[in-house]
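For clarity, chains are labelled A, B and C in written order, and residue numbers in each chain start from 1.
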Amino acid sequence: MRIAARVAVIVAAAVAGAALWTHLPRSSAAEPYRAPRTAGDVPDLNGVWQALNTANYDIQAHTARPALAITPASPRTAIPGLARSTHVDLPAPSLRVLGAVGGVPAGAGVVEGNEIPYQPWALARKKENADNWLERDPEIKCFMPGVPRATYMPYPFQILQGSTKILMAYEFAGATRTIPLDPVGDSPSPTWMGWSRGRWEGETLVVEVTDFNEETWFDRAGNFHSDALHVVERYTRVGPDHLVYEATIEDPKVFTRPWKIRMPLYRRQEADVQILEYKCVEFVEQLMYGQLGVVDPSTGAINK
Amino acid sequence: MRTTLVMVLAAASLILATTRTSAHHAFAAEFDSSKPIKLRGTVVKMEWINPHTWIHLDVKTPKGTVERWMIEGGPPNALYRRGFTQKSLPQGSEIVVEGFRAKDGSLRGNGRDLTFADGRRLFVGSSGTGAPRDGRDASEK
Amino acid sequence: MPYRHVVAGLTLASVVTLLACRGLVSLDVASSTMPRTAWGDPDLQGVWRYEGAIPLERPRQLEGRASLTAQEVAEQERLEKEQAARRLEGLEGAAVGRRSVAESPIRGNEYNSFWQDHGRPRQISNRTSLIVDPPDGQLPFTPDAKKAEARSAARYGVGPFESYLDPDTGERCLTDGVTGMMWQGPNGGHNRIVQSPGFVTILHEEYRDRRVIPVDGRQHGIIRQWFGDAVGRWEGDTLVVDTTNFIDRTNYEWASIWTRPSESLQLVERFKRVDPATLEYTITVEDPTTFTRPWTAVIPISKLSDDTQIYEYACHEGNYAMSNLLSGGRTDAARTSSR
């Protein structure tokens, strides 16, 4: 009796621990939640949804740090014999003025097992990406964010279920994905947001995405892929206001095996909520083209 | 006679009245028609950008060095609908480009005529009546 | 049958046909044959494109005439077929770009020829302008807007381009605006309509412009946007969309001034599926910043086959034209200053 009770406590703790680790809401009954149906008799995923995590900063677990680009402090020499033993990170000069607004918050990560199985060359490239974040992150230039990054950027997106097509309308850079449920041919070219094909598996919308170009990243930490990327997404409602989003990433040119991310998505609750515009192209033109013309519009000066 | 002329003119003006298309760049502002180029090179990469694709080409110079050129091609979304896709110009294809060089003299050009080394022609508006794959363009499968 | 009845019948029929040609009377799909979504709204879903050749404004030569005679229409159809076939022939290979504008069947526009899908014969109608109001079929520009349009036309493709602010919004990969979205664009412009409960979404291929229009009875919001704040409602089988709260972008260059948003721009659009293959699209544009009075255009838009795709539009992601224009501008400036 006592042993059984102890076992029951251990089992309950393990279950609770697992639930805590995966951060997923649980319905009170043990049965999976059955979502309301659309008129087409499939689960209703319509709505404005948003991720609430720091995955866009770094999909792996990470401590808070001063900025997205770091420079090490110079060695301390004033006190003889007292060399600084630990390294001090400072925000990169161009980001220093942002202060705490420019800091990176801590996050528990969304990668199952917290490991991204890079091939050795690719791990080195990821580090290089991180060290050169300011020059390389496509988000800075308002380029389309790719999949799955679009899902967990800090902006809402809207799922719009039509009869044969589901649209995913993202706020960032006005990116949109068309997910056909009917058969489509092949993608004529590699793309930023991939070529999607959707199907229902019970309660879950499964989307296979292929034909990516190699331009997008998974986050601001330099995690990247090649044009061989293949993503399988799973969207499942687990309650009136929650989706669980899973994505399996496969890329034989970059990783040694497939790996998974997982996170809840939250329904935005405001009445009459809408996705708004984030047409960031005009926000980045000065950065990208300011010095290329005869005149620099920010100063009126002639460019050399 | 005069009435017929007016009718024909009127009809013609309606037909030719395509609205000005935007984002369709200024040839004269980017390229120099007094600097024609003819290059033979190997396709390194294709960028499927709208409104004009960009082909990255490795071109061997007479000295034996290799220059990396960027050639502006047709609009991808219109090309797809004519059956021209990523399969049509794989990496390593050899093509000949005739066109005009960028105004600033850089290794960029606008592609006017693009042909495979075996003479098949690419890109330049030759797809019959505009319906895809009607057989008039030998480069279409 | 008495002759006068026949004449009356024929007259009535021709008047109705004429008005129908002008889009002022819709030949209704019977309510029972209208395809509907599962919740009962008319189903407008699919990919749509304007296939016609009617210009926005009535050409000068046709001043005072809202429609062509049957004979003129037949002549236009003949010309169109002939020219469609010739347009592509003339674009072959070596000739491209090396002949004068006068020799070119498309006025030297070969550089942009792919955009036009010139080989496709366009639908001919007896209408002489898409604009039905004002009755002269002309855009009622204010004097300042008229000057801006003339300046834009003179600068188009020519410059000067001193900085990234000088090319038009399309060159900058921003947008060409909402006003012409349903019928303009390269290749006629493709639009996909998707309906879900409470929303009608329009995805325009060029610039990947997107409008998610609520039809759930909400009021307008207060935030200003490039595409304004659109609210839709069904009036019978017609979708009526009211858009306000546009952001002011009159300080940017626009290829077509009549599409630019200002804070005083208001649009009212009507979408009506008048037969399985046709969406009758009516737009009324009101903007005292650009026009002296509201104007209305009616455009018959055609449904494309269900396997038509809308492809991704990556423009800013590789806007080499911008750097080329600007370096071309610097080269020109250097040449001028070195003389």
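Please note the rule applied: a contact is a pair of C-beta atoms (placed from the backbone, for glycine too) under 8 Å apart; a residue touches a chain by one contact, two chains touch by 3 or more.
Note that the coordinates shown come from a computational prediction; the quantities given were computed from them, not determined experimentally.
Engineer: Based on the touch definition given at the start, go ahead and assign the chain network to line, ring, star, complete or other.
Structural biologist: Shape of the chain contacts: complete, all pairs touching.
Engineer: Across the interfaces A-B and B-C, which one involves more C-beta pairs in contact?
Structural biologist: Comparing A-B with B-C, the pair joined by more C-beta contacts is B-C.
Engineer: When the centre of a chain is set as the mean of its C-alpha atoms, what distance in Å lies between chain A and chain B?
Structural biologist: Spacing between the chain centres: roughly 37 Å.
Engineer: For chain B and chain C, what's the span in angstrom between their mean Cα positions?
Structural biologist: 25
Engineer: Among the residues of chain A, which are close enough to touch at least two other chains?
Structural biologist: As it turns out, chain A has residues touching two or more other chains at 188, 191.
Engineer: Out of chain C, which residues touch more than one other chain, so two or more?
Structural biologist: 161, 173, 309, 311, 314, 317, 327, 329-330
Engineer: Residues of chain B that contact two or more other chains, please.
Structural biologist: Answer for chain B, listing residues that touch two or more other chains: 48, 76, 79-80.
Engineer: Any idea which chain C residues touch chain B in the complex?
Structural biologist: These residues of chain C touch chain B: 53-56, 59, 61-62, 68, 71-72, 75-76, 79-80, 83-85, 88, 91-94, 96-97, 106-107, 110-122, 128, 153, 156-159, 161, 168-171, 173, 176, 180, 184, 186-187, 205-207, 255-256, 309, 311, 313-315, 317-321, 324-325, 327-332.
Engineer: Which residues of chain B touch chain C in their complex?
Structural biologist: 6-31, 33, 47-52, 54, 70, 72, 74-81, 98, 100, 102-106, 108, 110, 112-113, 121, 124-131
Engineer: Could you list, by residue number, the parts of chain B that touch chain A in their complex?
Structural biologist: 46, 48, 76, 79-80, 84-86
Engineer: Which positions of chain A touch chain B when the two form their complex?
Structural biologist: Contacts found on chain A: 186-191, 213.
Engineer: Under the stated contact criterion, what part of chain C meets chain A in this complex?
Structural biologist: Residues 37-39, 43, 45, 161-166, 172-175, 192, 194-199, 201, 203, 208-210, 212, 214, 218-219, 221, 223, 225-227, 306-307, 309-312, 314, 316-317, 322-323, 326-327, 329-330, 333.
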